[in-house]
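Got some structures for you, see below.
What follows is chain A paired twice: with chain B in the first complex and chain C in the second.
And then the complex of A and B:
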């Protein structure tokens, strides 16, 4: 029963990881920018939500604020950090260091504003009820699952059926051809950043309402979405989703064998193994070497 | 005040050596490791164990630290041979996270979260180095020795092959360079020197715990190299001085509540990293790197 319980909490974390990682994968897939600061969008959304709820806003309004913050941050990074860097150097490492600098700024800003301790909003969502003897399910589990299914479905439809979605995929394939067809690569990349950052919001809001947030959540989420994308195959949305789920479940299941301290490390052992033995991930195309 | 400055100077020498060693990987080899604090940590824990159980002799401690880190550097060389670019950064991130957990959990060796305390004052061949001046001289000697080694190696055939590999791996391979061997050696060299710095660090602090070997530390060292300028001898030193002195200088700045000073320092150095990458990506003392 313990195993089933751990599996369930693993799935709950996993689907939220999957959404966040899908945001990262969407941005990387369309723009070829390794958005290391993706975790900061998550942290801003989560803390924005906590701030609004504490200020007495209603939940939907607070979630809206969280979305605005995350999307605003994504657009800001695209326009004022990545684009200027890409104008004069193509090096991914320059991008990485700059993004990491921004993560540090966001993290310390949150520390100054909210303190180093965990913050959370109290909610009835974590109230667990027994479905089977010894097996507890909280309402948060169903919400996380439903949100993930709806958002992935919508995203899939958007990318497959709408003109803008197809243009986004074309941007990943061949930006020059896209320009030849008269579409704006800049506007599409901004759209990718907005959408990708918005995908971090459900995880952030539910995280704030269940486990709580700490300032280091920015780097943790960044690592998780990186790991999930690599495990799934970089740039592949489906891969990122599966990777996130795998990581969440692995983190949770490892607790049944080892101490809780190992739960984060477990994900990275999986990641390390993938890089050594199957660097293109589960769904990825062969690496261009 | 003198004691404070001496302490700062010792740390600057140790971190200078550490940053210079990372420069071998990042600046010359094009191996963008975000796990350098891991090898600094291996060296520090090994050095601390030697000092606690055998002798606090500086030579033995730093050589022991260097050897342990050098051997374990295979853990970093392996992914470096498999993948490049973003993938390698992610792999080294993974290594860093796993190693941090191991540092916390392997209590018999590392002392866990509490760390290893009571490391005896350093000696050199039987002479006590308890005086901060004497230990500073040792740290400076190690820094100069390390820099001289790197300069000789990087100017020679090894360094030139390494830079060729950084600029174009396939071209280097076409010229008959043994890419796998070169990368492994570069990683081993950088990590060994990081281990030596770790051994010195253990003696300098007389106390080691996991706080000094986390991702934050890896990024700080990386920032030292990048801010100063990669692929140059002076760059890492400039970066080290700047990033070590910045917190010290901020302590004297009025108007910041003492409880927030850590966060404000972090914010300033994060901002400096981002702005520098946007406006001067080659660093303060460097040339442009890794244009693709």
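And then the complex of A and C:
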């Protein structure tokens, strides 16, 4: 029963990793911008949600505020940080340092606004009860699963069936050709940031309710998103989703044979294994040498 | 000839003036006290608390005009890590020229102590509780009871309550491993047993898998030894994942993020005896001024770092009265000469290692407030 319990814990963690990683992958896949500040969108959404719930807002309204904050942050980064850099140097290093700086500013802002302590939202949804002897499940598990299925389904349909979605996919391939067809690469880039940042919201909201948040959560989220993207295949949305799930389940299942402190390390062992033996990830395209 | 005499007089006058100026400058130069606390990251909450206690003592010492030279506090962020501790201590010693450093956290202390010892800088710990902090260096003193003393106090209590099988969740660092060894030694002596050992790391945030393993060990009680924001995450996730057993910990849990957590209700912990009912003037002044500003009771961490700064004031005052220089060696000699000091909590006595002996209570959280159990 321990294995079943660990598997369930891993799936719950994994789907939240998957959503957050998919946001990063969507942005990177469409714009080729290494959006290191994606974790800051998660932190802003999480803290915004906690703030609203503490202020007495209902959960849906609080989640809406979290979405507005995350999307607003993504659009801000695109318009006022990455675009000016790309107009000049546009190097990977400059983009990375700028995003890293923004993460520090966001973390400091959160520390000023909320203090440096841990914050969480208390809800009966996160309290697990026994469904079988030794097997505990919280309603948050089903919510996380349902949200992930709905969001991935909607996103998949949007990218595959709508003109804007197809244009978004084409943006990464050939922005000049897009312009030739009368489409605006700038608008599509902004859309990628908006959608990608919105994908961080479910993880942030459920994270605030299940594990809680601390001001430094952004760097942890970014590390997981990056690892999931590499495992799944850089730039692949589907890959990031599967990669996130694989990491979450690996982190949890390893506890059945090793001490709990090796839990996070297990995720990175998976990452290194992929880098060594399948560097293009699960769904990534092979690169020609 | 006249010109030569005049020149000699002028030269001597200038030299005398220079000496007087240098003397006056030395008189006006402040005593630099350093703080090496975590000011960012998941343990930053402690840094704020520790600093508040030290600042109140600084205000009191300045108002009392106890010392002939002003006092300044220079802060370095230890980040709660040994690496941060070593870097911060080097800066305090070599750049800020601090002669007395307030320090917290076991790993930080163990990394910083050799640097402070080489420079003969006194380090006073009021927050770290790793058992091996006792006698770390002749210049390293503790004004807080260490975890070994807290474990010795709680182990018989747990067994007496019928909680004989203890699941121990501990940080895999110098503090956590020290506490684990104390528990492995003291619990069997009291008639209990370790039901399971669960090592965690400072960066860990997901504890649902840990909860499954703890439940599998079927303990009577769960003792956890972590610090900072992680403690609240452990409590919340253990409770959310169906761990209904009594949760027990050490004094590190007395921070606002744990006290305000609904799932922490009923948490049992050991902590040095809070002296708020003491009637001595030092305690009364500390308490009154604290409550005037914060409208709440202080924590023992506030008390400890207040005492650490006050101790410097008393030692330096004694040395000034004797016309002796104030440095690491003279401060240590003065501590061992006097031994007993009027501190918050009453008269405190230091042993040969420079450790203050403090009684320990067993308390529980009720409505976010600590309530004495034993």
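Methods note: the second predicted complex is superposed on the first by the 287 of 289 C-alpha atoms of A that agree within 3 Å, B and C clash if a C-alpha of one lies under 4 Å from a C-alpha of the other, contacts with A are read in each partner's own complex, and residues count from 1 in each chain.
Simple rule for what comes next: a contact is a pair of C-beta atoms (placed from the backbone, for glycine too) under 8 Å apart; a residue touches a chain by one contact, two chains touch by 3 or more.
Being a predicted model, the structure only gives us computed values, none of them experimental.
Asker: Since both structures carry chain A, what do chain B and chain C do when superposed there: clash or fit?
Answerer: Result for chain B and chain C: clash.
Asker: First (chain B), second (chain C), both or neither: which does A:117 touch?
Answerer: After superposition on chain A, A:117 lies in contact with chain C alone.
Asker: Using the touch definition from the top, say if A:84 reaches chain B (first), chain C (second), both or neither.
Answerer: first
Asker: Thinking of the overlay built on chain A, is A:10 touched by chain B (first), by chain C (second), by both, or by neither?
Answerer: The answer is second: A:10 touches chain C but not chain B.
Asker: For A:211, using the defined touch cut-off, is the partner it touches chain B, chain C, both, or neither? Pick first, second, both or neither.
Answerer: second
Asker: Using the touch definition from the top, say if A:259 reaches chain B (first), chain C (second), both or neither.
Answerer: The answer is both, since A:259 touches chain B and chain C.
Asker: Superposing the two structures on chain A, identify the stretch of chain C from 3-11, 21-29, 111-119 or 219-227 that clashes with chain B.
Answerer: The segment of chain C occupying space taken by chain B is 111-119.
Asker: On chain A, which stretch or stretches are contacted by chain B in one complex as well as by chain C in the other?
Answerer: 111, 259, 261, 264
Asker: Please output the residues of chain C touching chain A within their complex, sorted ascending.
Answerer: Within the complex, chain C contacts chain A at residues 40-42, 44-45, 47-48, 172, 198-201, 203-210, 212-213, 215-216, 229-230, 232-233, 236-237, 239-242, 255-257, 261-263.
Asker: Would you pull the chain A residues touching chain C in the complex into a rising list?
Answerer: Chain A reaches chain C through residues 2, 5-6, 9-10, 12-13, 111, 115-120, 122, 126-130, 134, 136, 138, 210-212, 214-217, 220, 251-252, 255, 259-261, 263-264.
Asker: Any idea which chain A residues touch chain B in the complex?
Answerer: 34, 81, 84-85, 88-105, 107-109, 111-112, 219, 223, 226-227, 230, 234, 259, 261-262, 264-265, 268-269, 271-272, 275-276, 279, 287, 289
Asker: Please give the residue numbers of chain B that touch chain A in the complex, ascending.
Answerer: It is residues 26, 32, 78-79, 82-87, 89-91, 93-95, 97-98, 100-102, 104-105, 215, 219, 222-223, 226, 260, 263-264, 266-267, 269-275, 277-278, 281, 288-292 of chain B that touch chain A.
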